[in-house]
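Labels run A, B, C, D and E following the written order; every chain starts at residue 1.
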Amino acid sequence: MTTTVIEASGLELTFQTSDGPVHALKDVNLQIEKGDFVSFIGPSGCGKTTFLRVMAALEQPTGGSITVNGMTPEEARKNRAYGYVFQAAGLYPWRTIAKNIKLPLEIMGYSRADQDARVEAVLKLVDLEGFGGKYPWQLSGGMQQRASIARALAFDADILLMDEPFGALDEIVRDHLNEQLLQLWARTEKTIGFVTHSIPEAVYLSTKIVVMSPRPGRITDVIESPLPKERPLEIRDTPEFIEIAHRVREGLRAGHSYDE
Amino acid sequence: DAVKLQLKWVTQAQFAGYYVAKDKGFYSDEDLDVTILPGGPDIAPTQVIAGGGADVMIDWMPSALAAREKGLPLVNIAQPYKHSGMMLTCWKDAGIEKPMDLVNRTLGVWFYGNEYPFLSWMAHLGIKTDGKGPDSVEVLKQGFNVDPLLQRQADCISTMTYNEYWQVIDAGVTPEELITFKYEDQGVATLEDGLYVMEEKLSDPAFEDKMVRFVRASMKGWKYAEENPDEAAEIVLDNDASGAQTEKHQKRMMREVAKLTADSNGTLDPADYERTVKTLLSGGSDPVITKEPEGAWTHVITDKALN
Amino acid sequence: MIEVILALILWAFGWWVNVRLAEGPMARTRAVRLAVPVIFGITVLLVWELLVRGLNVPMVILPAPSLIVTRFVTSLPVLWVDFRQTILKGALSGYVIGCGAALLVAVLVDRSDFLRRGLLPVGNLVAALPIIGTAPILVMWFGFDWQSKAAVVVVSVFFPMLVNTVAGLAQTSAMQRDLMRTYAAGYWQSFFKLRLPAAMPFIFNGLKISSTLALIGAIVAEFFGSPTMGMGFRISTSVGQLALDMVWAEIVVAALAGTAFYGILAAMERAVTFWHPSQRG
Amino acid sequence: MKSVLAVLTVLAAIVAIWYAACVPMNIKGVLTDLERAGAQVVPEGAVARRDRGAFGLVAKNSFAISATWAQERPRLPAPHQVAVELWQTTVMKKITSKRSLVFHAWVTLSATLMGFAIGTGLGILLAVGIVHSRVMDMSVMPWAIVSQTIPIIALAPMIIVVLYSIGVQGILPKAIISAYLSFFPVVVGMVKGLRSPDAMQIDLLKTYNASPAQGFWKLRLPSSMPYLFASLKIGIASSLVGAIVAELPTGAVAGLGARLLAGSYYGQTIQIWSALFAAAILASVLVGLLGVIQRITLKRMGMA
Amino acid sequence: MTTTVIEASGLELTFQTSDGPVHALKDVNLQIEKGDFVSFIGPSGCGKTTFLRVMAALEQPTGGSITVNGMTPEEARKNRAYGYVFQAAGLYPWRTIAKNIKLPLEIMGYSRADQDARVEAVLKLVDLEGFGGKYPWQLSGGMQQRASIARALAFDADILLMDEPFGALDEIVRDHLNEQLLQLWARTEKTIGFVTHSIPEAVYLSTKIVVMSPRPGRITDVIESPLPKERPLEIRDTPEFIEIAHRVREGLRAGHSYDE
């Protein structure tokens, strides 16, 4: 049984800039089911971030409609339905890792004891036990990024939106985090929206790969992944994997121009 | 009764009478609680009294009359200073012997309401004040000290007999090196340190009575100070919060001040007033006052206080 | 009493107009950006006028704006003489000399790490000192005319300018400097092509801070002795004569001059540091 | 360590230049004094020397050089004269004495601190208003900038008198001038600081559906701290300037400004310089103290 | 005929930090021949950047020896032997793109006409014709990075050192630039040192892949690539390619720890 979590139809977003209007999103139609892991891939400036922001009600669409759990994104946000992970870790430097993770909990009014328990749990989840008392700048970039994921996981959002969370990390760390993210997803049944530039990453993680192209930003292809839910890293050397990756690459290249 | 007295200048023996009256209990004998507010280079006592910050103030008559013409009705109620202590002190070696030698020289003058006697003197002599020239002098706004003379930036500066003149002497200059022109001798002296109040307040009998007692006690203080100059100077020193005054200077100042106050029992001499007004009216191109003031003084207080 | 009530109503009305403008759809346009502060200013002036009249505030305490304007218009020649003496001669010459000297010294200091370590803390300290206190001394040294005012200005602008310039010259990132090293660029090449342009935002910051200091220094120094003209002279003598309208007219001149000065600097800054994120926003 | 050495070197250089400068600065006065005392001076007569260059006079009367460092009322007192005066008026005098610089410094300090507190408080409040209200931002901010081009210090006397006349007396008028001067840097710094969180940090809170108050306490305020401290340092220095200038017109009552003025009034250059140095020391102590508080606070916040 | 361009033996570099010494490089031995394309790969903090900086005389080794064209790196730098491309574009914001590219030419005293010709040529090479008059902040990240490569190519350095030049770009742009870089290398016979985090990129580009591991930073493997000089993008699907990539990955994993 699948329930539709996010449904966009004819979505448009035009930014009014001093150089004239920028069509960041044009006629975007997409349906995301509960428990989906959806990757967004596309060249720079195609509107991936914008789309994610529209879902999280951080941006107002200028046309079309979008519903989240049957509500407007605005209402969903008021219900605290989202965990959002930005490209940069964006931890507050004046708070320790543990306090950073507590931030949303404080705001949402969780009890003191509950806060501590949850921090404990998510720190373990992202392999950061014992680092709760450290300040962000005492950690490496990869650890910071994991802390910011922990922050988004600490409260019970059922939609997790991640905007290139692993962009700044090296390949090995990235592989490791990808594996963990998959496990987490399998365990929690969250719906995940994930922006990436890396084809293997998108293919490895997703149940659905959304390929976008710029000017105006629109969806050129939606690829449903036939890969099983259980995915060891080695799956990346299987023909199915390479085949999907190839399809994604072709889709990307079609919509790409080199002046960017 | 509370009385606030605004001084024209910083705490020094120039105001010894009031400090003595306070210290010796002359004010409290009259049931007065007097607060003495020191002035300073940038304080216009007229403005203070206009805003109600003081009940009575000490000021020189030119600035009081100017304020009166500007619509601030000040009235002289007593005049403890009979004589003017202001003079122009010049270097003798600059070749100055008589007033007309001043032309084509640089003179330091106090502004801030104190420039009027000088301007009318110059008008008297027919000397212009717009820069060096054969019939004109260059005027500087003199700061608070006698440096312009000592540094020879000016050939002459304004001094008071009881204060700045002695600072020049203290700097090591001998009196023989200097030549002084007292405004009084030049016939352009204006009345200095008098007591002024707002006209409309005087119509209140309670206030009038307070002033009567105040003037009586103050004059008692002055006479005491004239007789005991050293003690008066000590009292002034005790009241000087800046800690900058020296005993030697204050004792000397007290003696000089006594010379100026000795001839007055506090009552304003109408002849002196007339002379002041005449001097001011002839103040050259930019006269201090343009018409004869009326009701700028009264003998009511002194009559009641001293008889 | 009517005036007071009128003043309150006017205030509320002015504020209401501004709220409408600032939160309206046109808020980002140039016209509104200009209109809002102007409306605010005019409202303040009108309220001031009404309150002074309504409460019968004596002229010697606070003159009404209309009186000040009248005085301003009728005293233009005097104001011009004062402006020339204080701003053009005293402040401007001191500003040019002080800032110029600071720039030169900064370049010298910048060449030596030792000097920079030694001078910067001292400079920072001096920049925070009440330099105004030197005015009586400088008047004593440099005489009564504008030279002593310029000297006060030089002293008060020198250190803020020096500190800013030196800090600016150190503003380059390690990568930018390394790039120059891979080109084997000489000292002056890196100076003119990298460090100086990178320092410009800081230099302008120093220039802006100094501009207000210069104005204040020149005017305050006149309190300690001056020829019979100048803004400081006029302000202090006018207070003595209770000509408060004249005092305020001089304040208007000072504010106009200061704002114009600042505006010119800001325009130059925009032209020179157009590339800096703070100017692009 | 290297820095300390460098600073000491610079200071030593300044003292050396200072001593050297005393010679030409004071030579005329010294020669006049010596001549009065009967010494043979070239050329004779103060008028004859009036327009001579100082260096020429020094060259012709080299015997007088040592006297330039020991005059009673020099144009430029030598460093040790100032030091001796400072020592005598601080350590050697009871601090309750009116001749003690510590007493005067305390008078000034109390006005400074009060003004600083008022100015900082108002500055922060205004900054909060400006950051949260577009109207405030658009209408007040430009005038706040214009207000700084008004030489308020030059008007301090008048303001003091006006306040005086409406019954505000004592420490408060001084504090108000101080507050006016310290207020602007705080507003500017605080507005900058409260706006320093980047769009992402603000968006993060939005995804939590945080209220504006939560946004203020949890994000804007903490991230404004470094800016706040930077402007507090400027603010306290300006406060001190304000207090000192405000003391000038109230007459030589008490305080470093009064001391400065009285020194100037009586031509006591050494007293002026020692008051200046006392002010300088006070300023650096205040700024230094704020620096320490800044370091501690930021460290506890994990930002240093 | 091969000539050795860079020769490092027993190279060591220890940074003295407040937390004690950091061994950024330890006992590094490497020989780079003229015309080699050498990639450096390894986890974060293993000393890749440091090694590149030592070659460019931006850092002084604390032990061992290194020669560049038979000279010390310092002398080589004075001879302007290097073009260096940093991870961030590092263009001067107050100069237009064309003026940025002219910067090294001005410093090295090229004639005005020569400067213009070279700018023209390199702008074409990196597909930025027509953008010479723009300021860096008017361009996207990818375009900025290409401009910075153009800047390093504008003068005749025979050693090109590139520190993760494509780290911030999306995959398609990256592929495209990789292709172009290879062409450029084939055409100019430059010696290239290239730091990357991406295994496919390293394998695709290099004649020699240097795998490094951290704490202390040292070389764990040097893999000579058997791939031909002519490399279409499709070569990435050949078994040889996958085989080399596998070897690199193994080498990397061996030296990797997850606390970073």
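As a convention for this text, a residue touches a chain if its C-beta (ideal position, glycine included) is under 8 Å from a C-beta of that chain, and two chains touch if they have at least 3 such contacts.
All of these numbers come straight from a predicted model, not from anything done at the bench.
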### Touching chain B and also chain C, the following chains
D
## Note on the structure
At minimum, the number of touching-chain hops separating chain D from chain E is 2
## Note on the structure
Note: of the two pairs B-D and A-D, more contacts are counted for B-D
### Query
So, what's the distance in Å between the C-alpha centres of chain E and chain B?
85
### Task
Take the average of all CA coordinates in chain C, do the same for chain D, and state the distance between these two points in whole angstrom.
18
### Message
As a quick test, compute the distance in whole Å between the mean CA positions of chain C and chain E.
### Response
49
### Residues of chain B engaged with two or more neighbouring chains
41-42, 44, 47, 50-51, 143-144, 147, 151
### Query
Which residue numbers or ranges of chain E touch two or more of the other chains?
none
#### Entry: Residues within chain D bordering two or more other chains
75, 157, 161-162, 165-166, 248, 261, 264
### Query
What is the complete set of touching chain pairs?
A-D, A-E, B-C, B-D, C-D, C-E
### Summary
In their shared complex, chain C is touched by residues of chain D numbered 2-3, 6-11, 14, 25, 75-76, 134-135, 137-143, 145-146, 148-155, 157-158, 161-162, 165-166, 233-234, 237, 240-241, 244-245, 248, 257, 260-261, 264, 269, 272-273, 275-276, 279-280, 283-284, 287
### Query
What part of chain A is in contact with chain D in the complex they form?
53, 56-58, 77-78, 80, 82-84, 86, 88, 90, 92-96, 103-104, 106-108, 135
### Query
Okay, in this complex, where on chain E does chain A touch?
43-45, 127, 140-143, 169-173, 176, 197-199, 237, 242, 252-253, 256, 258, 260
### Message
Under the definition above, what is the set of chain B residues touching chain D in their complex?
### Response
7, 9-11, 38-44, 47-53, 91, 93-94, 143-147, 150-152, 167, 171-172, 174, 240-245, 249
### Message
List the residues on chain C that touch chain E in their complex, please.
### Response
173, 175-176, 178-185, 189, 193-194, 197-198, 200, 273-277, 280
